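Pasting the structures here.
Two complexes come next, and they have one chain in common, chain A, joined by chain B in the first and chain C in the second.
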Partner chain A sequence: MSRSAVILVRIALLLAVLGAWEVLPRAGVVNPMLLPPLSQVLVVLGEILKRGDFQEAMAVTAAEVLVAFVIAVPLGALLGVLSAENEYFGAIFKPMLFYVFSIPKSIFLPMFILVFGIGFGQKVAYATFSTIFIVIMSASAAVESVKAEYLLVAQSYGATRAQILRRIYVPSMMPILLETLRISMIFNFTGVMIAEMYASRTGVGHMISNWGENFMLPQLFAGVIVLAVAAMAFNELVRYWEARCSTWRG
Partner chain B sequence: MKRPSPPTVRRLIGLALLIAWEAVPRLGLLPELFLPPLSKTLAVLWLDSYIYAAALMVTLYEVAIAMLIACGVGILVGAVVGGVASIRNLMLPVFSSLYAIPIVILYPIFTAWFGIGSESKIAFAGVYGFFPVMLSTAAGIRTIDEQYLLAARSMGATLPQLIARVIIPASIPTVLTGLRLGGALTIIGVVVSEMLTSASGIGYLVTMNRTILDSPRVFAAIIVVLALSVAFDIAVRALERYTMVWQSAGRRMASSSTDTSARLATSASAA
Partner chain C sequence: MQHMARVSPGDGQTPRPAVEVRGLGHAYDGRDGVVAALADIDLTVPAGQFTVIVGPSGCGKTSLLMMLAGLRTPTSGTIECDGRPIAKPDPERVGVVFQEASLYPWLTAVENVEFPLLLKHTPRDERRARAEQMLKLVGLDGFGGRYPHELSGGMKQRVSIARGLVQDPPVLLMDEPFAALDEQTRMTMGHELLRIWSETSKTVVFITHSLTEAVYLADEVLVMSARPGRILDRVPIDLPRPRTYQMMATDKFGQLRERIWQQIRDMP
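And then the complex of A and B:
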């Protein structure tokens, strides 16, 4: 299939799903109480976007996601580079990291609540905790992806440390680093959402879980659409960068 | 002086953590509300063992069914998406985009649809585990060496023979990796959903005891969940070693960017 045909089929599929969302509840095939028709959800979506409390909740959630991201990514990257550069350190901690990986992080959420309460700090702390391990792993993978031959060639031509860093490490690591950004944002966002849904007084996660409990499904679906679109928008933005940077690497 | 070997250091760190868990609250460095001593936690676990066992049974039942759904549907869809080139080009980027959505936001919808009983947990954890299984099955089918297929075809293998003798054995290692991650995610999905809205299961014990500030019982439930996920991990790794004999050398690793992202994305559990 050609590129334009692929895009056309994808658009057709999307329209089919959206059409089914509108038609099935209206025709009574599925209960409109359980799946409100798309048009109704979109009307509600327009209304809640104008509501002051929803805008405030979005601002709180965005701030939590941002602060946790700014803490977790540099810190995790530093630890990851250390464990890749120092063989002994890496040999000790890498298996432990793999082990921590398979553990459900959310089970520690009660500890964060006991220690930090249920405010802003707890959301940031928990989201940082749930993100940092993937950053450590990816950063050390990024360092290890630098080909030893390139380093050898650069060193034998007398490249300085700064030159090696700028000309070899950065271009080689760039695709993986961008991918790390993308995936750690997925983790980070999930962490904030779980924390907000679990125990909170503010944030979009808190709002959608309230709407669910009160069976306000049009509002619930509208909130889920907002969150899903935000998550996918960031993801696609970084993927676009990734595609541009991968041309550097032969 | 010779440096101690990494496994020794790891064991020492583990031991130090256990001792700290006992000593730090006893010495009053942290209030017992934040961290109850290990001995107290284990004593509570022993005392209430029948409550924890009953909750564990509920959780295990939900995990088992969710895992069947996630792995069954995941392998099926993954095989189709990975095996048929036109569907792969069409759908794989779409699935990668959808993977960015924090799936936990769907849980309120599931509770509204299925109630707060086991059904909503099974549905949520099934969806949660589906993606890694599907993505790694698709990647596994794709990384099969073309030459195996060519050799089998030129010896006149039929399609069923090709599937049974070449495709399945060659994709088993990747599929098993997917099962390990997908299984871990279904466990997480069940526990998270039990913590959020529920009236039974281990996750419910965590939340219930947290709201009444009974820290030893919260930590006892945490120990049970950790034991569950570690036991599952050990079981699947044993299965992986057992099937390793089928895997022959020289498997080509695909290196396109969707593959790396599928590998990285599936190599972790977001919750």
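And then the complex of A and C:
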């Protein structure tokens, strides 16, 4: 199958799903109370995007996601690099990190509420906590992906430590690091949403949760579209960057 | 094809050896105490000579090469290159070509060749020009823009040789560079290496497992013993140059290979 044919089929599939979303509720095949037609959702989407409280909620959610991201990624990367590079640090902390990584982070949410109260700090702390382990694991995998012979070659040509870091570690870790950025954003976003839906006074997650409880399905779906578009946009941005940095990967 | 910098002993002048090793030993802490990897290595490689080192697996050939490259510190003895001791890697005196190609996969062929110059902060244009020149020398004119994964095994090793030569070091160390190649490519690469050697008049120290390759390439073959590695025999290869594939079928070639094989075979 040629590439253009694949793209055509993909578009057709997307249109079919969106078409079914419109037609099935209208035809009464599915309950329009549970799945409002697409056109109705889009009208509601237009309305809520203009609402001051929704814009405020988006700003709060975006701030929580970004702050947690800015804390979790560098801190996790630092700990990951340390645990891969420093023998003692790795030997002591790696098993612990590995086991904690396997625990569902959401079970700790009540503790975060007790410690931080309900608010910005609690959401950022919880999202950071739920993201940092994957960053640590990926960063240490990235360091371990740097082959010993790459370092040997550089040393044989008299590279300094700074040159080895910049010319060998950074480019050879880059593909895994970019993938880590992408995956940590997924974890991070999920963490903020769970925290907002569990107990919150603001944020998009909180609004969606309210709309669901009050059976306001058009609003709920409109909120879902906003979040889905935001998540996919970030994902695609990093993927584009990833592709540009990995042309050398065969 | 004539070879420029061949300096044979007895010219009336005493040429300074390109590589001079005296009483070299290497020991490391193993699981059962100190392990002697190399002992009493004396080695003189005249400028322009092609020296091949053979020996059983684990005899410390690679250790020896690492020390010649300044990448590992000897426990005892001295190493001099061009009359000065080698304490740390000095790519202007010694270039290294490693097992496998060990090219950087995120750099194109020409960028890989430029890499040693980049570390020395050579201006970009000069760097590129030197690298292109080296790619031409190794027969890869026009392949500079390719990434390693787009090159065959033999081509990767050519890039690796070009990288070893780009700073024009008088000495080139090669650690089983063709071991991962198929037999046919290996023969071609050996032949190519002799052509490059005769065009650049480098001093080459080459490690291999293949006795045929050793006799085909070398002016002198050094046979190393099992651990602790010592030099057991020095076999001058007085086959004429340029070498041809036909020489491999001659009695002379067979006798030389046999002499080396007898010593390796008798090792524990």
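Keep this in mind: the second predicted complex is superposed on the first by the 247 of 250 C-alpha atoms of A that agree within 3 Å, B and C clash if a C-alpha of one lies under 4 Å from a C-alpha of the other, contacts with A are read in each partner's own complex, and residues count from 1 in each chain.
To be clear about the criterion, a residue touches a chain if its C-beta (ideal position, glycine included) is under 8 Å from a C-beta of that chain, and two chains touch if they have at least 3 such contacts.
Computed from a predicted model, the values in this text were never measured in an experiment.
With chain A as the common reference, the superposed partners chain B and chain C fit together side by side.
Using the contact criterion defined above for the overlaid structures, shared-chain residue A:30 touches neither chain B nor chain C, since it reaches no partner.
Once the two complexes are laid over each other on the shared chain, residue contacts for A:167 go to chain C alone; chain B is not touched. In the overlay built on the shared chain, the residue A:149 is in contact with chain C alone; chain B does not reach it. Partner contacting the larger number of chain A residues, of chain B and chain C: B. Once the two complexes are laid over each other on the shared chain, residue contacts for A:159 go to chain C alone; chain B is not touched.
In the superposed model, A:20 makes contact with neither chain B nor chain C.
Once the two complexes are laid over each other on the shared chain, residue contacts for A:63 go to neither chain B nor chain C.
Panel annotation: after superposition on the shared chain A, the angle at the CA centre of chain A between chain B and chain C (CA centres) reads 90 degrees, nearest 10. Between chain B and chain C, the minimal CA-CA distance in the chain A superposition rounds to 12 Å. Across the complex, chain C meets chain A through its residues 69-71, 88-91, 96, 98, 100, 102, 104-107, 115-116, 118-120, 147-150. Chain A contributes residues 149-150, 152-160, 163, 167-168, 171-172, 174, 247-250 to its touches with chain C in the complex. Against chain B, in their complex, chain A makes its touches with residues 1, 6, 9-10, 34, 88, 91-92, 95-96, 101-111, 113-115, 130, 133-134, 137-138, 141, 175-176, 179-180, 182-183, 185-187, 189-191, 193-194, 197-198, 205, 208-209, 211-213, 215, 217, 220-221, 223-224, 227-228, 231-232, 234-236, 242-243, 246. Across the complex, chain A is touched by residues 3, 6, 9-10, 13, 33-35, 86, 89-90, 94, 97-109, 111-113, 184, 187-188, 191-192, 195-197, 206-207, 210, 213, 215, 218, 221-222, 225-226, 229-230, 233, 257, 260-261, 264-265, 267-271 of chain B.
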